[in-house]
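Here the structure comes first, spelled out in structure tokens, and everything after it is commentary.
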Amino acid sequence: MATIELVPEPAMIKKVIQESRDVKSYVLKLDKSRKIAARPGQFVEVSVQGFGEATFAVTRTSKDGSDFTISVKRMGHLTKMLHRAVRGDMVGVRGPYGNSFPVDAWKGKDIVIIGGGIGLAPLRPIIDHILQHREDYGKLEIIFGARTPEDILYKEDLGIWENDETIQLHTTIDVPFEGWNGRVGVVPVVVKDLALKPDSRVAVVCGPPIMIKFTVAALRELKWSDDRIYTTLEMKMQCGIGQCGRCNIGEKFICKDGPVFSLDQIPEHAL
Amino acid sequence: MKAMRKKIKELFANGDVDVVLGYREDPASGEVKASVFKKDEMLEDMVFDERCVQNLVNYLPTLVARYSKVGIVLKGCDGRSLATQLVEHRINKNQIVALGVGCEGVKVGGKDADKCEDCPTSMSPVTDHEIGDKKQKKDPVFSKVEEIEKMSPAERWKFFAEYFERCERCYACRQICPSCYCEICVADQQEPKWIEPSAKLSANTMWHLIRAYHLAGRCADCGECERVCPQEIPMRLMNNALEKAVHELFGVRPGMDPEELPPLVVLSKEDPDTIMGGKHE
Amino acid sequence: MQIEKEPRILAILCKWCSYAGADLAGTSRFNYPANVRIVQVPCSGRVDPIMIFKAFVEGYDGVMVSGCHPGDCHYGTGNYHARRRIAVARRLLEFVGVHPDRMHFTWISAAEGKKFAEVCSEFTDKLRHLSGTEKTLARKELAT
Amino acid sequence: MSKWHKLKRTDLKDFLSRLAEKWEVWVPYRVDGKWEFGIYAPDREMDFPESVIHVSMKNLFFPKRRPIAKYEEDSKWSMQPVAADDKPRIVMGLHPCDVAGIEYMDKVFLNSEHKDVLYESERKRTVLVGMLCSEMADNCHCTDRGLTPDSASGMDVAFAKVDDYYLFKGMTDRGKEIMQSEYLKAVGDAPEKRKWPAGKYAIASPEEFMDMYDDKIWHELSDICLTCGICTYACPTCVCFLVTDEKFKGKGERVTVWDSCQLQSYSRMAGGHNTRKTPASRVRNRTLDKFAYSHLRYGQISCTGCGRCVMVCPLKRSFPQLGARLSERIRDKKKSKAGTGARSKED
Amino acid sequence: MAKVGVFVCHCGVNIAAKVDVKKVVDTLKDMPEVGFAEEYKFMCSSPGQELIRKAIKDNSINRVVVAACSPRMHLPTFQKALASEGLNPYLVSMANIREQCSWVTDDPDEATQKAIDLVARQIKRVVHQDPLDDIYVPMTKTAIVIGGGIAGIQAALDIADGNRKVILLEKSPSIGGRMAQLDETFPTLDCSQCILTPKMVEAAQHPNIEIRVNSEVKKVDGYVGNFEVTIEKKATYVDAQKCIGCGICQEKCPVKIVPDEFNAGLNTRAAIAIPFPQAVPAIPVIDPEYCRKIKEDKCGVCAKICPAEAIVFDDAPKQETVSVGAIIVATGYKEMDPAVYTEYGGKKYPDVITGMQFERLVSSTGPTGGELKRPSDGVIPKTVVFVQCVGSRDESKAHAYCSGICCMYTAKHTMLYKHHVPDGQGYVSYIDVRAPGKTYEEFVRRAIEEEGVRYLRGRVAKIRRLQNGKYRVYTEDTLVGRAVHVDADMVVLASAVEPQKDAVDLAQMLGIAYDADGFYTEAHPKLKPIETASAGIFLAGACQGPKDIPTSVQQGSAAASKVLALFARDTMVKSPQIATVDPTACTGCLTCSYVCHYSAIEEKEFGKHRVAEIIPGKCQGCGACVATCKGKAITLAGFSDDEIYEEIVSCK
């Protein structure tokens, strides 16, 4: 029998990582031998039996493709259930779906990754990709903003990136916090402070809607053209394959035609 | 009608209203529909007669968000509806100019509307301006409810189950009801799934029970839910059953007093315990 | 097994009075039928009739709600609110065809272990008498 | 091409009964004065109404509630896809607009890298026996949408009501088997082709519609709309759905359930963000989806002119009229070239 | 999802005799949620709890179900076990398979089946339980004592000495209460005023005590540690700041017809008056019912004469809200009005008086300056009958309870009488004499044996006024078994102790329980005699039941120690099982606020909307609002819809 696209395949939780107060990462491995070959920016649909499905960006794929990681911020009921999961629990997985960041087209360029909170999750595969093909790319700059130090994700990675001489990392928190000696200020302000010039750069922005909106405004103020600014959009999704209807922006479905867009591909109201 | 147009012109002229919610007769089709009248518009299309069935109160929240002063033409039943909305802080009274019109009853499908049978008042209980007569009417009879109550439980279930089965869950009843304004309707909530989203008897039963229960003591019997139901599910019957219940149990007729809290949030130490028990007479 | 044929009862009990009353029935070894399933709520005022509706749709034969006697509510007034809600919910359920004997709403104090056991037994008896009649509202399968 | 064959009206029941020996035969029934589709049984009152009935055909191919997998609650993971139904079936009494709707659904569900196999099997097992219209009902406006009421395009078998008999014609190989029926021996003349009136609801082009996104007209068009979902349920091309799990007594099903972009819950995300919170934004989505997005996606606008949305609308609002009103506005705007007017900012 | 550890207790044979515990474990261990399942003889024992701890460590379970007795019994025990292993204590749920299964079910098969069902249900439920953190709320370390009688004064002094601020609230113009009216006290016959006045003064001068007289409680909001008490100060028409207490106003006031409450109505006083000479504060108050200036805008003598210009005729009641952390209720009692005893002629016969009136008649500060003269004609009464149990122990007419203090004060009265009228004869009509206190019995014996008071056992049937001005008291002497009558010059009725008139109103404001008579109910009659069922509210003195002075003082001190113990902490720990509003789902109809018994729901701006907000400190977690919210925007932690839903639907 042909597979019903909407029915997920079983996957096992291999590892649970508490990233921050309300974000956990899960390393998943499909039960069958199929590998998830997610390109940077793609997402999967993850089901909890009895509780439905939700969409999560693939935030890391192991080198051999045998397992992959998603990061889950606790928002609604499904994420609440997921947060209770432990190693060995089974979930359902469909995907990967969606387009991906045109990392090949970016070869030779300088890349600026701008992530806010859980918005860093879909961007991490780009960083992974660049680090694996370091010679193909120019400078790599990462701006990561979190609300408080307690909301900072991927601390281990941040440590590695911090110490990597080929990466310029700016970690910032929104408001001053006791014991925090790093940068303070919201991402758009940091972008302006750094006065990032377009030059031969490409910027990738992802985070909460308000952060994307103002970061884009900041970049435009710095004379960036829309085709150089990429983002990955989020909307309520369900099927992931462009059929259930709800994630459209105009005629485009985020799940199918996106989620990655450069700003010149989408209308203003999509932001 | 003349008096009403004159009043509305006056209100526009004085700047008392930005828009008026009323009934418009489509000159082409002759159909009467809800409509928003603006200042510079001709009021000639505005009508008020037995064809003005629709309860306009439902549109108020959207309109008051866009205009600072909204006039509204109210029948008695619509006025009750407005009263229930005011007490629930749904609409700020200061933004409303209530034009009560003495209602002589409305017709649905050429026949006197069922809802007019037990109508307690021809005039809105909330008015800033009253046009036409105010007639207080007698206590409700709820004859249709009583007919159902005469049936055996199994017969009653058979009667309702047939209708529930047909429900498509289009939520027209919810959308037209001024009192159904939850940010996320319980029927749309996925966890816990008190009401499953699919249209099937069990879920539809849950939907109709909860819809009726949530309106208990709040429903002012404008009858719109039943009128708009594409499947003609007798929702007014359930509403009326509970209207009868709150009338008998707590002596309340929803919407008759804009100051009166819904009976289900009123603290009463005096209610007899018998209200919870056994068959009622 | 015999239990299958016994009517299933859902008892929603307030934590301070009726649940304690049910405990006292146990401590005092007042036996009652094994078909009662107790759900604890902090106060009868927490009981949303949606729970009662769901219980019938999910196939319980009878639903019982009990809290502190009027005046004794641990939270002051919760049971008064419960009384009104339940009165209305009962009317609605009866109206759509639930047999009145399938519902039992009462007050049981922490000291009334015996009353709790008696209520359970009597309620079960009533439901047994209804075993021939249709269990209205109850769904039978997933798709209904 | 093959010829038109006559079926005497008095033979209809026998004809259908014979078909029912092999196929599941779906025909329109009248229940409590309302039409609906059901499996043919000789003792039920059935007929072929002249124009579309208020329920749409899509339920037969893409049901309201459609289990896609089953699971046991007692297990960590036991989700098993449901088996597709492959019992051969005839759906009889579709109109050209219905067929156009099915063709649109094919584009959504089949012309995709992620084929919907359940839909596909419903399509595969079905022989479409369509009925050519002899007249246009009040709400019909398929001619505005480029359809012809008596076109047999897309049907496996076409038939028409003429006097006291029906005329049948096989259009495809799949339809041929039906044409073998012993009741269809007599050859008749082809039904007369009519000249159909031009539409009253002509609409602008998809591209022109796209420019209307920021227009303030959406408030006007939505001001009395209830934003209930009935028009989308009745629409033959509205295929939005939600996926949810349902369970009872230890057994669970994952189902797709029709959803509607007119409902507030449709785009609401966990945490409360809703990209289509206002009625105006929802009416806009539906309108533009019908007249523009669909065309940009699949090369076919998704209004087939069947008029069901008008039939079922609780307020008897006319969606085609709305489209026409919008088109009028587009023309006015073009004429005046006065620019964009006030941009509405509502989301 | 989640990994649940299931522990089924045998409870010796209490569960295991009926329930096949092994079968329960075997049946449930394969549920997908279950990561570990075990049975044990006594789960509540140390080794039992160790099992849980070990499973958390070794089997990395993150939820626990204990199937044992009622959660009312041992839930805290297991919560502690979880916490000790670093697991949130709210992630345990108990299946009650003892009280609600093994102990009430006959048939072992049925019991086992029911147990399986109950445990399975809790497994399903516990998965939905959220980790919760105890709520710490700051505490206002100020107490309020309602009632400035001896119990209240004692409580206030003790708290103040413990270096905490106290507000001492009194509704009359002076503190002192009933004790200030008494002449001498039993069983030592020391002067009441002499021992009370120093305490009153000490309270007035104590830097930690703020006395607020003429003030009543109007509203109480909040909860332990953070009460908001709204106090209304009545209009007194005298500026307390300016008044020097010279008393010239009450001398000059022409309206001298006001019944004197302090003297139990035996005489009249001026419309402006200091209640009694030793009053604290010694500030006069104008009675607006009588003052001609206020009533008719005439007179105004007091204002003209006041050297301090302290008279304010346009005074009005003032409300103020104070924040306090604890409340002591010491509102005392009132003497029953004996008017219901028409056969005794109370109120009708001027010389049939109450015990308190007698106190005032013999008091040197009383209307007669301490000379015992009967009210009607000023004659010194040579024969006095003291009638006990008027209104007490008499369910048919008044109260079933014993007023407790009358036996003793009547004995005292007889002695005081003999001291004032050495040749007089006192009679006591009694049912039986109750004198259980230290040296009380001796005191009564002294009255009988040394003072020659005649005790007649029996109830007085009737009192009739004779032509000669005497009162014939018809009674009986049951010891000899015959009816007797005494012709007395005066009769003193030991009228019952009753709660204050407004006791129930105050109880409802405070949310504390009261009994059928209107006395406040303590949390436990034996082990928590000071506490009420509401945390942070304590009882002292006769408001809880009739009490004599020593007991009232003891209770005052006890209540003070409770308050000081409470104030020793800086924050309050509150159960986190409270309700919260999801502002994104709230429509702001605020119907939830109407059902909240604790006024915990307030309005708040949320973006452009108005939504309800629940004050975590005030919410007690009853869930009435949750059931009211149609859109389910309110969640009650610990009893969320998720949890209850799962319990309802997962029963097989």
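Read from first to last, the chains carry the letters A, B, C, D and E; within each, the first residue is number 1.
Quick note on the criterion: a contact is a pair of C-beta atoms (placed from the backbone, for glycine too) under 8 Å apart; a residue touches a chain by one contact, two chains touch by 3 or more.
These numbers were taken from a predicted model, which means no experiment stands behind them.
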{"item": "Intersection of contact partners for chain B and chain C", "value": "D, E"}
{"item": "Chain whose mean Cα position lies farthest from chain E", "value": "D"}
{"item": "Between A-D and B-E, the pair joined by more C-beta contacts", "value": "A-D"}
{"item": "Intercentroid distance (Cα basis), chain E paired with chain A, Å", "value": "61"}
{"item": "Rounded Å distance between chain A and chain C, as computed from the means of their C-alpha atoms", "value": "50"}
{"item": "Cα-centroid distance, chain B relative to chain D, in whole angstrom", "value": "33"}
{"item": "In chain E, residues with contacts to at least two other chains", "value": "584-585, 595, 628, 641-642, 645, 649"}
{"item": "Junction residues of chain C, two or more chains touched", "value": "54, 58, 77, 81, 85, 139, 143"}
{"item": "Residues of chain B touching at least two other chains", "value": "184-186, 190-191, 193-194, 200, 264-267"}
{"item": "All touching chain pairs, where touch follows the definition stated at the start", "value": "A-B, A-D, A-E, B-C, B-D, B-E, C-D, C-E, D-E"}
{"item": "In the complex with chain E, residue positions of chain D that touch it", "value": "73-76, 247, 249-250, 271-272"}
{"item": "Complex interface listing, chain A residues touching chain B", "value": "51-52, 76-78"}
{"item": "Chain B residues within the chain C interface of the complex", "value": "145, 148-149, 153-161, 186, 194, 200-202, 205-206, 208-210, 212-213, 216-217, 238, 241-242, 245-246, 249-250, 263-269, 271, 273, 275-280"}
{"item": "Touching residues on chain B, where the partner in the complex is chain D", "value": "31, 33-36, 54, 58-59, 62, 66, 168-176, 184-185, 188, 190, 193, 196-200, 227-230"}
{"item": "Contact footprint of chain A on chain B as seen in their complex", "value": "190-191"}
